[in-house]
Amino acid sequence: MMTVAAARALRDGDVCFVGIGLPSTAANLARRTHAPGLVLVYESGTLGAKPDRLPLSIGDGILADTADAVISVPEVFNYWLQPGRIDIGFLGAAQIDRYANVNTTVIGDDYRRPKVRLPGAGGAPEIAANCREVIVVVRQSTRAFVERVDFVTSVGFGRGKGDRERLGLRGGGPRTVITDLGVLQPDPETCELVVTALHPGVGIDEVRARTGWPVRVAESLRQTDPPTPSELAALRRLRQQTEQQE
Amino acid sequence: MARIASLAQAVSEVVHDGDTVAFEGFTHLIPFAAGHEVIRQRRRGLTLVRMTPDLIYDQLIGAGCATRLVFSWGGNPGVGSLHRFRDAVSNDWPVHLELEEHSHAGMANRYVAGASGLPFAVMRGYVGTDLPGQTSNIAPITCPFTGEVLTAVPALKLDAAVIHAQRADRQGNVQLWGITGVQKEAVLCASRSLVTVEEIVDELDPRPGAIVLPTWAVDYVAVAPGGAHPSYAQGYSVRDNDYYRAWDEIGRDREEFNRWLDNHIFNPAPGEVRA
Amino acid sequence: MARIASLAQAVSEVVHDGDTVAFEGFTHLIPFAAGHEVIRQRRRGLTLVRMTPDLIYDQLIGAGCATRLVFSWGGNPGVGSLHRFRDAVSNDWPVHLELEEHSHAGMANRYVAGASGLPFAVMRGYVGTDLPGQTSNIAPITCPFTGEVLTAVPALKLDAAVIHAQRADRQGNVQLWGITGVQKEAVLCASRSLVTVEEIVDELDPRPGAIVLPTWAVDYVAVAPGGAHPSYAQGYSVRDNDYYRAWDEIGRDREEFNRWLDNHIFNPAPGEVRA
Amino acid sequence: MMTVAAARALRDGDVCFVGIGLPSTAANLARRTHAPGLVLVYESGTLGAKPDRLPLSIGDGILADTADAVISVPEVFNYWLQPGRIDIGFLGAAQIDRYANVNTTVIGDDYRRPKVRLPGAGGAPEIAANCREVIVVVRQSTRAFVERVDFVTSVGFGRGKGDRERLGLRGGGPRTVITDLGVLQPDPETCELVVTALHPGVGIDEVRARTGWPVRVAESLRQTDPPTPSELAALRRLRQQTEQQE
């Protein structure tokens, strides 16, 4: 359901900065369903990759083979991401807080002696800063959804409304957080994440129980449409083609 | 002019104890064979530089070659964590590993500045994150024309850069294609460079998407067929995903890891060490 | 997504009176046909930007389209001077031409900064020369890490960029190869862009040395076969050296030049205007 | 003779930044005589071009066709020239002064209302700053060899010894000025240009008469060897091939 919800958040014709794993699956699913004109940019340097299976890594040869252009990694970040040419960026998160700030660096208070050492920033800080908007995909748990992240790897809305502007961040920030339970979005007044949709069969109490702060619920709480047969078929086909070619 | 030498000789000329070294390759063309040779030569006190430290750095760190890591994303792509890296950071095993941490954009710009002979690069980045609090190598800089405040990062200065490429010619001109990452910049940042190649050919016929490093910008070329394994060399090999998955088990345990070192690096089966 | 349009329509959409415009192309792929269309549409008050203003800028300046030139080298390569350019600078004919003058390295970096969404670029250059005395767009900048003083130049901000390329596909993806100069940077610096092409093809098969500008980074594509003449389009045409030599005579004299404008731009022989 | 003298100044294996005209002819002559391993870099972006005729412009297609690599113009200047990777740079000059500063911008005192508007800087300022050494090629006349240039486009030795270091210029500067009469080189003590060689048949009085300052003569004044038959033959062949292919 997370993958399908993430795919649906992508509009046809958008230019999408894609990381490996769920974002890549979602973006390729979108290309095969409602958004055939979605442009995929991978940080390895492939502009407009059109893989016919899921790439096995962010630098999979199929991305270079099917891309409109293959460019250097500095060019990806300097000519394409930094000036705001990318519409949608995807982020994962080990922790995300009330204002959608994201941590992928360390768990624990002491950076030098962390409880858990995570992979680090990668492309995330500048994706979060410079994409027109950002989608965060993360499983919902009190470990992940915390009042305040232990380390700000990527800025969401800082400590609230106006912080992005004060920091000079030019992209729109995380407008959509997709979890296994539903969707959270920033309140237009405060930029605090509020629950705006629940996936089929999920109750609001479950969301509350798995969020590390007293999460608010939007007045117009929606219910996510269940995956359609064609979405499920496209997803199955994508995975089959991936396994066959591995 | 690049010298064409054996892998063992080239590594011993290019990588010395205490050096700052980058082994680059963005998922593609990762110079594993050269990294294994560095372990075999028991280099110590290296500062390892790399945007995406993955298995080869887990192996170098676990083998005790490194005391410092400058990086932007350290993981086993698509699989999980680097356990030797974590063990060094959290438990100083086998030695303490100091970290300097950046974003991809920051590292890429540090390579560009180094390749350009500049002391620093300017970018939009890091603002509002906790990264600048952990290193003095991220600083604000003001545009002299607009007054806007941006971010500066210092150039990478490398003693040595090691990359893997598809081919070289007999003069030592190097050609690589597919995803080429920051390899050109890494070589141009370094005082000494080594390129391992799949093969040496008489002539480098032009290829779509290929870049060429001229021989006068490279110090050593060594033939190492399959030298990017378990990563891949486009047109020569495919990624060995099983190896990446299997590494999770090996890297997780110190004993397992030491056995792997003994069996695959120090006393490899005949034919396992390439070139 | 790029729109595919006629040359006349595309020029009228992209280049407006008073715009800051770059027509780029380093000797190769110079967008002459588009420049001639700008003269034909009698644009006025343009700030022309280009590393190497050559014949096409001599023609635009002589036709009175421009009031300002930002450049690094203005000549007729291998032949001599640009007489219309000189006449405008020295005698305000047909109108006064203000100059902003840089080095090639400075201009190239101004394009890079613009393409990168930065307000300025850092370089080693201009120091000790008289160039900084003539413009406020060259300034010292201090490295926050080493204290070294370098040179900053501001990003180029273009209203429009016009380039010529070999091919586009029906979606408007553009492919060019051979010497590609600063064309990519020029397009990425500009609010609006136009690429004239030799032809539109079904598929852009990969080519050695080719770069591709994706359709979503381009605004207009117009077919203009021979649109780089008298410069050349590698794989399609060769440089017309006689034209460059003949221009010296034409450009030297105001009457000759006006006759050329009448006969070749405003009232061309049938078939002379392309696309 | 200027061309032959310039060709001789190039050593086999050097990396040479070449402009069109005499420098290009000299570099290609050197490649066909004593320096087959000379590496030619043209500012249009061709590294290691090996033309079999003289290119007709700095961006001639034959340069791209025969180069080891074709790169963008920003890369030429930033990755190759700026860090000091080029051994030898060639400059022409409309004016050159006692300390080898070069003017290719304007003749006259008023930049805004010049007596003669010249083409401008091009790559020259950074060639002069960053190459390991620079060769200036210019016909000798009192108009060209002046006490002080009207406009410093490219720095030679500023106002004398130590100025390059004070300005932070890392290349060695113009070590050789080749004219139609002979060769001038900077005095190691003062950096002032002194006559170090005369071409065959040229007297020192002629050099003095065509220099705009009281030029000094080196104690060890050499005489340039006349062009050898093989140099002349190679030059003739090069020009023939160029005309045939035009």
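Per-chain numbering from 1; labels A, B, C and D assigned in written order.
Basically, contacts are C-beta pairs under 8 Å (C-beta built on N, C-alpha and C of every residue); 3 or more make two chains touch, one makes a residue touch a chain.
All values reported here derive from a predicted model rather than from experimental measurement.
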Pair sharing more residue contacts (C-beta pairs) when C-D is set against B-D: C-D
Centroid spacing, where centroids are CA-atom means, of chain C and chain D in whole angstrom: 28
Between chain B and chain D, centroid-to-centroid distance (C-alpha), Å: 40
Chain A and chain D, separation of their C-alpha mean positions in angstrom: 56
Per-residue overlap in chain D, given as positions that touch at least 2 other chains: 78, 82, 130
Where chain C touches two or more other chains at once, by residue number: 117-118, 123-124, 148, 184-185, 209
Contact graph of the chains (line, ring, star, complete, other): other
Pairwise chain contacts, counting only pairs that touch as defined: A-B, A-C, B-C, B-D, C-D
Of all residues in chain C, those that touch chain D in their complex: 26-28, 51-52, 71-75, 77-78, 81, 85-86, 89-90, 101-105, 108-109, 111-112, 123-131, 134, 148-149, 178-182, 184-185, 209, 232, 234, 238-239, 241
Parts of chain B lying in touch with chain C, wherever the complex brings them together: 117-124, 137, 139-141, 143-146, 148, 150, 152, 154, 206-210
Residue numbers on chain A that touch chain C, as the complex places them: 13, 15, 39, 47-48, 68-69, 78-79, 82-85
Residues on chain C engaged by chain A in the complex (per definition of touch): 1, 115-118, 173, 184-185, 188, 204, 211-214, 216-217
Residues of chain A defined as touching chain B within the complex: 20-21, 43-46, 56-61, 63-64, 70, 72-74, 76-78, 81-82, 105, 111, 113-114, 117, 119-126, 129-130, 151-155, 158, 163, 167-170, 246
